[in-house]
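In the two complexes that follow, chain A is the common piece, with chain B as its partner first and chain C second.
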Partner chain A sequence: MRPPSLYVPGSTPVHRADPVTKGVWAASLTLAGFLVPDWRGLALLFLLNAAVLARAGVLRRVAGLVLASALLVVTFFVAQGLTHAGSGEVAFRAAGLPFYREGLVFALTLAFRLWNTILAMGVLVLTTRPQDLVAALLMRGFPPRAGYAVASVVQLLPTVWAAVAAVLDAQRSRGVETDGGLGRRLRALLPMLGPLVMASLTAAQERAVALEVRGFSRKGPRTVFRPVADMPGALAVRSLGLALFAASAAWRAVL
Partner chain B sequence: MQARSVWSLRLTTFMVALIPIAVAVNFVGKYVAQVLRLPLWLDSIGTVLAAILGGPVVGALAGAVNNVFYGLVQDPVSFWYAVTSVFIGLAAGYLAYRGWTKTPAAAVGLGVAVAVVAAVVSTPLNVLLWGGTTGNVWGDALFTSLRLSGFPVWIASFLDEFVIDLPDKVITVFVAYLIFRGLPERLVAQAGAVAARDAD
Partner chain C sequence: MRVADVHVRYALARREALAGVSFAVEPGELVAVTGPHGSGKTTLAYLLMGLLPHAFRAEVRGVVEVAGLDPVREGPGGLAGVVGLTLQNPYNQITGARDTVYDEVAFGLENLGLPREEIARRVEEALSRFGLARLSERNPFSLSGGEAQRLAIASVWALAPRVLVLDEPTSQLDPRGAREVMAAVAEARRNDVAIVLVEHRAEWIAASADRVLVLDGGRPAAYGPARSVYRDPGLADLARPLPAVARIAEALTGTRALDDEEALALLRPFAGAGAGAGAARRPGEVPPPAADRPPRVEFEGVTFGYVPGTAVFESFSLALGGPGVTALVGENGGGKSTLLRLLLGLLRPQSGRVLVCGEDAARRSPAELARQVAVAFQNPDDQLFLPKALAEAAYGARNLGRAKGEAEAEALSAMEALGIAAHRDRHPYDLGFGERKLLTVAAAVAMRTPVVVLDEPTMAQDGPSLARLRALCRRLAEEGRLVVLTSHDVEFVADVADRVVVLAAGEVVCDGTPDEVFGSDEALARAGLAPTAASRLARALGWRERPAKAACFVERARAWHDRSVGGGTA
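Right, the complex of A and B next:
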């Protein structure tokens, strides 16, 4: 059992691009997706991000994420198709219920917004180790204590994940029922989580001491263990991202 | 020594160390809920526990870091809902400070309050981002039937979110409360635990 991760290791230009530039790109294109009022415009953003992801060799991974959103997309089409009547033009009827054309178009827009979010953020999260992102942010003045809080989760999760497996086995062998009715499964929650939380909090205490003796509360500038270099052309990529965002905002304002 | 304000932004090192632990506990809660096939998310037990132990500021930071991290390793859409997590942490931390963790009944009240806050904060996000639905089949079925009976989008969307949040947050907070009650005094004191435990 492995802790969750979206990062796909690689050495493509997208992987090597500096995390802050990818972050600016991901944020501008995600927000742009929510400003573009028409699904055809969103489809263009979708294709643009898909091309970047293809270059990074992570299309398969992102396709998995898009498929995982299928249920959400189905609810868009059912909920909006049935209720968003607009001019009242009925596209088709299913089980005697009318599905409105405008509602279905709106649902398509929502679906593309969701996919655009997944793809745009994917450019950042699928190609960047979380530690590198934090290091890059720290180098630009992100508070070190906040940086620690994010980066240490990466180190912590594998340890905690191993403990989960151990506690599940131990409690089952002591006769804690993890099958059966809902009430019985709910009651199993505490014997499972209690020891894990307890062990984690003790670990937090030890970490606090370890951090303190290493000068965690010290004031003044910090150095970074794994410096992340700005890539050539970073400015151009960031400007393009921001320009697309501005264009989407303008499109929204005009319509 | 001057008493520390519950809203103070000056965190002790232990409070900072508590934040990643809270995020890990959130992940574990979600995973255990899946193992036990519970129809709940239970993905904010750590946030609530950090809020009870360290106060609203620690709770809010744990919530924010949780969604940023979850967005990085699991689901990119989660970044948007960092706002909800921050408010869950703030509400749980402040109400725990006001004594809502003294008795089991108060803890249930805290769960209901957290559910209301979570639904109120999530509703504008759900409406603006996704036209009001949440992606939960039962909630969205309710949304659709309310809309068909003529309810406004905002009310239908709030109830869509609230019917899922209510059981989820009440159980989340109650589990966090039971764990909090069982913690050794030494640890609770070190966390700066603003929340009071009943004398037992």
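Right, the complex of A and C next:
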């Protein structure tokens, strides 16, 4: 079983940057994307994030996510192009229907906001080990239980998928048809969900015992075994991210 | 560690889960706790770890003292680093908090707040001690069962506990994994850790325990040195089955030997029984079923792999058939599970075909194939969902279109045969793991299919349950059904199977009667299997032919003895 982490191992400067700096960058540029009112400004943020991802060697990975959003983006253009008339200037007609210029520009703005969010979060998620992120958070006073919740989601999801496959096999072998019409699928629901829920509860109970045995509920100070130090120049990078956010907010306020 | 007159009653329970239990373990000692299903073994393990009443609501009376601490008062948090506990399922003990083996071991030490240098020292020592150093950068969930169980032990070992409580640590492992874990236990013991081992396997208990505590219905039925407990004729079936060597020695000499050395000393006079081939050479041996008789399962030139370019089976052919019991044996990863999934139509061959009772499995959905082949999978919890055991046992038969009364009658009959009929109205999840396992076997049997597949049916079974399973398998064979089972329990396989197919690396490395297979050192070595006790003893006594079954060994020796006495040569 492999964890479903999106992390792409590497040793580029972006990978080596500390999770907090990357977190500040991702949050600042994501929020900035929602504040910048013009698609050209958004395109600049997009290019900036793309350059960081290219340096990390994960641009192709994020391109897949951008392509996956294509259907949603097409929906933006169709819906906004047809309904957002603004000044009423028609950019073009298709099948006799008018597509308004302002609507299309607004759709482009929405698309860039979406892509910018994907790229900015990609800087954090694709280049940061979940463990390092949790360690960095714990070092800043994040509660251990919350840290465990973040780390274990990534680790334990594959076990849930494996359980689904095992239950599916077991019930099909007992004569439960899982393919076919809606009625058949509904009838298969309880035999599928029942064991899955019970197995999850059993696993959760045993894992809770394993955690207790390892002193997880123990009171007192804990050690972060792999401390995550701030990268050189962390302050500058964080400041740049925050400055971009502030500039975006100012641009928004002015317009 | 000392337990004196302890009573435990879970909230809302009518009877006590433990009643008047007393025992003690000194540093470096190993006390085994055994007994039938529901006898209180796991409750005892939870009690020692401080989980009662902190994690499970229960009333506890009596004295429990672990390294000067009271677990009932301290709770698991206070005992971390003093007591270590591992459970049956190795994967449920992986915390999910860390993504490498190294960091998983370090996790508990981080919780104790130890300095980083000390954590690193202890982690490296534990990984090295339990043979995990080369796996230190692997994801814990990618480990084999044996490796994961060793990781669980190493993780609690690193906390430097003075007591280790191991709840059936090998019950879900193949022989190699089990040997690895028991080697780790021996290592812990050499380092003066007191060990409480909850275990069913009498051979291991007899070989490794200083003392045995036998529980029955929560009450202590026997407590003392392993040799005296296993030699107690009044112990009925509680600690059964006796080690096979003990059964053989007792049947022939009246004295129970508890290891090969003792048995050989007693059985030396029977060395001549294997000198020649007599009429009584294989009393009780059933010829292997004829593969050309129905019901039949045929694998014809099957090629299958999960990953392109890596075939588990390549042009694999095997015919199973005729009424009888066929055992598939071999190490994990040898192809047994894949073969069963192909048989059940859950996997489709990339080339070749699988015929089940003449039908191409690839042309049927698994649900349609269920009319020909019923299965009890390794993990019972993958299928149980109904609120009553009887309804659960009848569920598969109902899916095949049987009337409720007919399906439940069939299910009840199977449950009676397996000794779990008294649980018919209980919720399946109120039963122990071993009983839930038997319930899935009953559910498969109740489907009345020509082929019955039992995947590791002996897992977590006590002596009486093993005997009932064996009798049920034989009954199914007599009814004309083909039972295909997988098991790591070589004694059970030798006892129940007509035919044994040894799989290793996707190939059949040996196929024959239990005598032929367990007499083949080469096949056993390739499949990582140990010979049966009868086979070992026959070899040590210099017999030309080596019976696999303890009963066959005894009958052959007796027949030789009777002839010798009759001829005046004994």
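Here are a few things to note about the model shown:
Here, the second predicted complex is superposed on the first by the 248 of 255 C-alpha atoms of A that agree within 3 Å, B and C clash if a C-alpha of one lies under 4 Å from a C-alpha of the other, contacts with A are read in each partner's own complex, and residues count from 1 in each chain.
The rule is short, and it goes like this: a contact is a pair of C-beta atoms (placed from the backbone, for glycine too) under 8 Å apart; a residue touches a chain by one contact, two chains touch by 3 or more.
Here the structure is a predicted model, which is why all the values come from computation and not from measurement.
By the touch criterion stated above, A:G122 is placed in contact with chain B alone, chain C being left untouched. Shared-chain residue A:E212: touches chain B and chain C both. Contact with chain C, but none with chain B, is seen for A:P191 once the two complexes are overlaid on the shared chain. In the superposed model, A:D169 makes contact with chain C only, not with chain B. By the document's definition of touching, of the two partners only chain B reaches A:S200; chain C does not. Looking at the shared chain after the overlay, A:R222 reaches chain C, while chain B stays out of its contact range. Within the superposed three-chain model, A:L156 lies in touch with chain B and with chain C [touch as defined at top]. Of the two partner chains, chain B is the only one touched by A:R113; chain C is not.
When both complexes are overlaid on chain A, the residue A:A246 reaches neither chain B nor chain C. Shared contact residues on chain A (touching chain B in one structure, chain C in the other): 3, 5, 130, 148, 152, 156, 178, 190, 193-194, 198, 202-203, 207-208, 211-212, 216-217.
By the touch criterion given at the top, residues 3-7, 34, 65, 69, 71-72, 75-76, 78-80, 82-84, 106-107, 110, 113-114, 117-118, 121-122, 125, 130, 133, 145-146, 148-150, 152-153, 156-157, 160, 164, 168, 178, 182, 185-186, 188-190, 192-194, 196-198, 200-205, 207-208, 211-212, 216-217 of chain A touch chain B in their complex. Chain B makes touch with chain A in their complex at residues 11-14, 16-21, 23-25, 27-29, 31-33, 35-39, 42, 45-46, 49, 61, 65, 68-69, 71-77, 79-80, 128-133, 135, 137, 140, 143-144, 147-148, 171, 175, 178-179, 182-183, 187, 190. Contact residues on chain C toward chain A in their complex (touch as defined above): 46, 49, 51, 54-55, 75-78, 80-81, 83-85, 87, 89, 91-99, 103, 106-116, 119-120, 139, 141-142, 152, 155-156, 159, 341, 344, 346, 365-367, 369-371, 373-375, 377, 379, 381-386, 395-396, 399-400, 429, 443, 447.
Listed in rising order, the residues of chain A touching chain C in the complex are 1-3, 5, 129-131, 144, 148, 151-152, 154-156, 158-159, 163, 166-167, 169-179, 190-191, 193-195, 198-199, 202-203, 206-227.
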